[in-house]
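First chain written, first letter: the chains are A, B and C, and each begins at residue 1.
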Amino acid sequence: MKFASLVQNRKALIGLSLFGFICLLAAFPGLFASQADADTIGAFSPNLGVSTAHLLGTTSYGQDIFSQLVFGARQVLVIALVAGAFATVLSVLIGITAAYMGGIVDEILSLFTNVVLILPTFPLMIILARYAGTSNWVMIIVLVVTGWSYGANQMRAQALSLRNRDFLEAARVRGERRSYIILFEMMPTMTSLIVANFLGSALYSVLAASGLQFIGLGDKTSDSWGTMLYWADSQEALQAGNALWIIAPGLAIAVLSAAFALMNYAFDEIGNPALRPVRRKDLRKAREADADVAVRGVEHVHADAR
Amino acid sequence: MTPLLETRDLSRHFKVGGKLFSHQMLHAVDDVNLTINEREIVALVGESGSGKSTMARLLAQVYKPTTGQITFQGKDLAQLRGRKAQLKYRSDVPMVFQDPFASLNPVYKVSHGIKRGLKLHRPELSASERHEELLRVVSAVGLNPPEEIIERYPYELSGGQRQRIGFAQALAYRPKLILADEPVSMLDVSIRIGLLNVMAKMRDEEGVSILYITHDIASARYVSDRVMVMYGGHVVEAGPTESVLADPQHPYTQLLLSAVPDPRAPLEITTEAAKAEPPAVIDPQPGCRFRARCPIAIDRCAHVTPLLQIVEPEHTAACHVAAPAPVAV
Amino acid sequence: MSTPTPGDVFREESSMSTSTLPESLPESSEPRSSEPLLDVRDLRIVYDSPRGPVEACSGVNLTVRPGEFVGIVGESGCGKSTLLFGIAQLHSAPARIAGGEVLFRGKDLVSLPIKELNDLRWRNLAVVMQSAMNALNPVRTIGDQFKDAILAHEKWSQERIRERSAEVLRLVSIDPVHLDSYPHQLSGGMRQRAMIAMALLFTPDLIVMDEPTSALDVVAQRSLMVQIKELQQELGFAVVFVTHDMSLVSHFSDRLLVMYAGQVVEFGPTREVFDTPSHPYSKSLLDAFPSIRGPKVPLLGIPGDPPNLANPPEGCRFNPRCPVVKERCRSEAPELYTLAASPDVESRCLAHHPTNALDVELVSEVQSS
């Protein structure tokens, strides 16, 4: 996967830019806003509208919404990326091992995966959060525990289709150990699926974490966007005329999720050229070049079967 | 001269059938006696379903025999214990695969498999010696300049070149016997000769024996010293290549020969036998497995399984009509 | 010599055989009209790759008369499959037709409106693909898939559909009971024959085949080829058959077209091309086949690899691998010349230049047994 192809893909470009911008906010929040403005209750007059001093107004506690948004970015991003990473590691290990080992190992691991998969996630998350507390780390563990199973099935399916490829059999016949084959022969060929899995898990984590925080199971003292929504709701922001207090964090969550989703699509397309759309401008170029041949036809997105 | 590899009554059966407690067995290979000597190329010829690929995997120890014995350099393979002995066998008897597009891991350079093989099987070599070996084997299979080739990824090589890498991988172990499972079937006809010449060169210059598995009897003739024809899991004819091809005894061998496209020969007519398909041998009864398609089948063929009988020196065939068992006086 | 050996049974016409072919298949009888059924003129097909356009077919000329069997032979990457896709108008981006015409019954397929093209498809021009056996939908019966093909072009009654489906299956020696079978219940050879049956549903004028036998064993392959030829002689359709295996078409094609690096290098009656190949590439191809008869000779094959079409060699594209290459070949690109000695044959070699012929020996070593 070359970097050049990454940049050329429009979806990747948009997704990466959005993600990059949010990372910037998360890494250097001090450049854009101040922590004090975000946290201090009564720092400003409550429920102020948009102004140059307060780009998004203030909460009903007198905190600057924009500052909260900026400082919240780090929280959300950390949860998303860490939970996403751990969940992916689990799905990869369990899924690939099940596929490669086959037999009774596969049976047991698949059974376990499927049981976790069909457990009702949200109630489970609520129960876990209720008993384990509300710190961010608990949140991450909850997300990982409920989020790995879907990816595991995907990994297993992919690994199963690869299992009988000749190069793996060649490695077996060469005398390689099973662990080596799984880690160094099979997994490297699945990188795009693993990355896509990671992005999907991160996306899931953003939405699930925000959801949990919204219903009050997150760390209520944090600046996270979900928590903002919690306070906004508990203070009946809409009735108070402060719609921005709800819209701003909601939109931010949506934007981050979109960034992950776009990057996910882009990885799919880069990995599988058959999914790439034939851009209108390329077709026009082709037509102009053959002035003496009328190339009529519908613009299809065809898989190049050759 | 003791043979390099020998099998005795080798059989491999697979359980088939959709039902939960079905005991249907697919007889992929049955009672095969195979001998391979040093410095020789033996061709195992048959269509799909004949059992030839299963034979390759039995000899590569991918499958364990259901019954029967495989002896390599006088030792029974079933007696091989421990990782060290297993590895030694794998380095003495490596395998080359059929599909050049799937046999190399696409994320690594083409030298990856060779390097891993050298590390695993020839630990006595130092790093620089390994590199020397790498260049030597890549050059030996006709890929030059080797320094440039080893830096390429599989997608940068053609099918023929990739197959040569497959042979180079095998050669890196200093093997005694290479199991080549249809190594040229997926290559263009014009490229095949190059690979076949490489195989002959390995036999002559490196002293390696090769088990050449194929469905193309013409290429078997070109490169092999001895040939064995398989049908439905049984060996139906075996002997020196020229002898078998000049004077085929078994009706199936004759059918194979007549089906080979040869522009220099007049067209031979297809019969019903050619239209039929090779069988999937499930829970077979005794009797010749070719009888359903055989134009000269007699009553005995349906009841008694024919065994290999000698028709000429070293040339055997299993047919009640062409090579009947000697009648006891 | 009195008792026939078992081998003789396979060589004679057996009473069990349903074949009506004589010992050697004659070439098709005189064409019904001199108007070619398919006339490809100077076809150029280009792939738009990120690194620039790559010309996969450079000015290909090909004619097919009604009822004729034309074989197209070449190595992988020579453009033969691209040519086939171009003829059938099945190419898709990034491939595009950059020039030339494909005249089918007088109409240029390249510029034909989609609606008219779809009318022609399957009714007059059918396609059988490589590994067509894998083109069958695994979750639908054979009969259903035939029905789909028919309904895409005609509104026939269920009964007529069933009848015609059974008829075409019988033509390819498959029991019509298999209309209710799923693809996995048939063997590879049978599935391939089912695909050919599907192509015959409307008895087209031309069937275009891309290596239909490559996935089959040698016995099934021979059986299928004979079947195709029998059907052709019975129903009178023309065939364009693409393969990399020259000897496969040797007994069945009327004319043979040899392609190399996107260009036609030889085109003529099969027998002439085989007995006296007029291009070094054709000759090298013929010599690359090990024979099962006659003395065992060491063969060289064709050293090297086909050129990268993004950057073909200067002069004659075959010059890096040509066994009889001369200095002039590296700078002068030959055209397709008609042979003076045999006007039916065209060859792209400077040895046949009409006014300034290159002095090379192209003696064929091909011997008849």
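The rule is short, and it goes like this: a residue touches a chain if its C-beta (ideal position, glycine included) is under 8 Å from a C-beta of that chain, and two chains touch if they have at least 3 such contacts.
Given the structure is predicted, the values throughout are model-derived calculations rather than measurements.
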Check your understanding: Of all chain pairs, which one counts the most C-beta contacts?
Key -> B-C
Review point. For chain B, which other chain has the most distant CA centre?
Key: A
Review point. Once you find the CA centre of chain A and the CA centre of chain B, what distance in Å lies between them?
Key: 50
Practice item. Report, in whole Å, the distance between the mean C-alpha point of chain B and the mean C-alpha point of chain C. Key: 31
Exercise for review: Pull out every residue in chain C that's touching 2 or more other chains.
Suggested key: none
**Study point:** Parts of chain B lying in touch with chain C, wherever the complex brings them together
**Key:** 47-48, 158-161, 188-194, 196-197, 215-219, 221-222, 242, 245, 248-249, 251, 254-275, 277-278, 295-296, 319, 321-322
Point to revise | Residues of chain C that touch chain B when the two form their complex | key: 6-7, 9-14, 16-19, 21, 23-25, 75-76, 173, 187-190, 217-223, 225-226, 244-248, 250-251, 274, 284-286, 288-294, 296, 298-303, 305-306, 366-369
**Study point:** Residue ranges of chain B touching chain A (in the complex, touch as defined)
**Key:** 60, 62, 86-87, 90-91, 94-95, 97-99, 102-108, 113, 116-117, 120-121, 166, 169
Study note, to complete from the structure: Listed in rising order, chain A residues that touch chain B in their complex are 165-167, 169-176, 185, 188-189, 191
